[in-house]
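In the part that follows, the structures are each spelled out as structure tokens.
In the two complexes that follow, chain A is the common piece, with chain B as its partner first and chain C second.
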Partner chain A sequence: MKTLIIVAHPQRNESVTQTFFRDSLANLDNVTWHPIEPQFDVKEERQLLISNDRIILQFPLYWYSAPALMKKWIDDVFGDTFALAPEFVMEDRELGLVVTTASAGDDFGAGKPEQFTMSEILRPFEAMTKKVKMKYLAPFVVHQFGYQTEEQHEQLLTDYQQYATNSDFQDFSGQTKWFLAQLKNKMNKLDNEYDIIMVQSLYDQLESGQDELKDLQWTLSMIKNAGEDKNGNNGLD
Partner chain B sequence: MKTLIIVAHPQRNESVTQTFFRDSLANLDNVTWHPIEPQFDVKEERQLLISNDRIILQFPLYWYSAPALMKKWIDDVFGDTFALAPEFVMEDRELGLVVTTASAGDDFGAGKPEQFTMSEILRPFEAMTKKVKMKYLAPFVVHQFGYQTEEQHEQLLTDYQQYATNSDFQDFSGQTKWFLAQLKNKMNKLDNEYDIIMVQSLYDQLESGQDELKDLQWTLSMIKNAGEDKNGNNGLD
Partner chain C sequence: MATTDWINQAVSQLQQHADNYPDQAFYAVLEKVMIEQQKRIDQAQGEIDGRSWSGW
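Moving on to the complex of A and B:
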């Protein structure tokens, strides 16, 4: 899977968050970090889109939408007939969003200060994705990066790496598989024998954990089925 | 009430719809038609905003949002602290949207080709309006202007004029009051006696109709109250 990350941030070089994200991708394969400049070549942008499987639009939320620079890119590059009927050249590729906000996550939703959920606020992107027959990924939203602890940043880093490069990031087994691949990759680059043994042991542990997990899931589904009544309710309420 | 109509249309001069709207305002007072050019002076725009009571953002829907030009205007003019705490300089003013779309009205909504309602698609503008403590007017959406009949265009013309200039356009009595004011205005400009008599008679008819309407509404509310059961249901289902 090849991923294109289109970054539109009016103060990109001063943005701590964008620098953090860019650096976190440094050692990963098949990811293209692609910041938008005010002048771009529509033809080149379209070529780039076609040569990738996962397209990520990455921007800070300005007035509950993308900054004008990102909107210009969308209007010009996706505009006209490029991604529409009859060819639908982007069909079945994925479209993800990485959105940073200055508001707290708890502020979004009915009856809360920001009134609407992020899912609602990002509907125009969901509608656009559907229009060009792409697959809409769950948006990756980062609230108040600057207030996060170092531990939260570490978690964010691997979550972000997976959003960028893991073809199956939304369930636990997909995440474990991705970690295994990362470890294997790391092993191949090691030359100190002690390090190799360490990483190999971690790899084996994770891999056998995967099998145990499958057993556990099977057992759980048995218990769940037994508990369901004839109406398909699970009897837990 | 003073109204400012901010028009962002990348091909404004070729747009039949925008020309139609502009011309329809020609004889109305207290409306400023204000097309955005790619270069604008943020200070001047803010002055203009402050000197109006109803602000209307008018644009064609591009990828389920405003064109980049309108977004740039919003980012720059509303940006930073202009309309936010602690002053909230736009507080209690109205914000309306005039949105033209190439899709049919029937296409919007759950399970329909466009998936979401226009209310949902325009949520970012609603959230923005709330953020600066303005009042959000029901968006004025024009679907497929080019396919409308001449009769539909005539209706659209008075609806649009009211959206631009009627402080109370959302109920019937507010609309009648607006028509009366329009007629009075027309009368003052007439010099042919026959025309004056004609318009005066139309005015009287509309005005006395207003009183009859009030009687009718009172009777209806009596009937409705009598029909309501103790739970507040109206007994009509």
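Moving on to the complex of A and C:
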């Protein structure tokens, strides 16, 4: 899977969050970090779009939407029927959003200071995705990066890496597969023999745990199905 | 040594040897994933045992 991250941030070079995200991709393959400038070549941008499978629009939330630069980019690049019928050139590709905001996560929702959920606020992007027949990914929203703890930053970093490179990032089994693939990659790059043994041990443990969990879940589903057949109901009691 | 102990030890070692922040963060979160996996295994095993004892 190839991923294109389109970054629109009016003060990109001063943004600690954007620098954090850019640096977090350093060890990953098949990801293109693509900051957009006020002047861009529409043809080149379209070529980039069609040469990737997952497109991520990344921006800070400005007045409940994207900064003007991102809006202009969408209007110009997706416009002029490029992404619409009859070919639907973007069909089945994925579209994700990475949105940063200085507001707290708890502020969003009915009856809360911001009144609306982030899903509601980002609905125009979801509508756009539907219009061009792309697949809309659950938005990746980062609240108050500067207030996060070191532990939260570590989690954020791997969540972001997975948002960019894991085709199955929302499922625990998919996340496990991603960690296994990353461990294998690291093993190939390490030169310290002790570290290689450690990584191999972690890999083996994670892999056998995944197999064990899969077997247990299969057994459990068999027991549940048998219970439903025996009781003649759907197993809910 | 309990499973989580050696995982913690291996992760700490690898974090110390990692020369960049993304790798250090990766190992820290990997440990959490492995603990979560063990929790899910225990829960699934517990549910199977419970259902077996109650005759499904």
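Convention: the second predicted complex is superposed on the first by the 218 of 237 C-alpha atoms of A that agree within 3 Å, B and C clash if a C-alpha of one lies under 4 Å from a C-alpha of the other, contacts with A are read in each partner's own complex, and residues count from 1 in each chain.
The rule is short, and it goes like this: a contact is a pair of C-beta atoms (placed from the backbone, for glycine too) under 8 Å apart; a residue touches a chain by one contact, two chains touch by 3 or more.
Because the structure is predicted, anything quoted here is derived from the model rather than measured.
Peer 1: Pick one for A:184: touches chain B only (first), chain C only (second), both, or neither.
Peer 2: So A:184 meets neither chain B nor chain C here.
Peer 1: Is the number of chain A residues in contact higher for chain B or for chain C?
Peer 2: C
Peer 1: In the superposed arrangement, does A:175 touch chain B (first), chain C (second), both or neither?
Peer 2: Touch partner of A:175: chain C, not chain B.
Peer 1: Return first, second, both or neither, reflecting whether A:112 touches chain B, chain C, both chains, or no partner chain.
Peer 2: neither
Peer 1: Does chain B (first) or chain C (second) touch A:64, or do both, or does neither?
Peer 2: Once the two structures are laid over each other on A, A:64 reaches chain B alone.
Peer 1: Inside the complex, what are the residues of chain B that reach chain A?
Peer 2: 10, 62-69, 71-72, 74-75, 78-79, 114-116, 120-121, 123-128, 130-131
Peer 1: So in the complex, which bits of chain A are touching chain C?
Peer 2: Those residues of chain A that touch chain C are 23-24, 26-27, 151, 153-155, 157-158, 161, 172, 175-176, 179, 182-183, 186, 192, 194-195, 198-199, 201-202, 205-206, 209-210, 212-213, 216-217, 219-220, 223-224, 226-227, 230.
Peer 1: Inside the complex, what are the residues of chain C that reach chain A?
Peer 2: So the residues of chain C in touch with chain A come to 3, 6-7, 10-11, 13-14, 17, 20-26, 28-30, 32-34, 36-38, 40-41, 44-45, 47-48, 51-52, 56.
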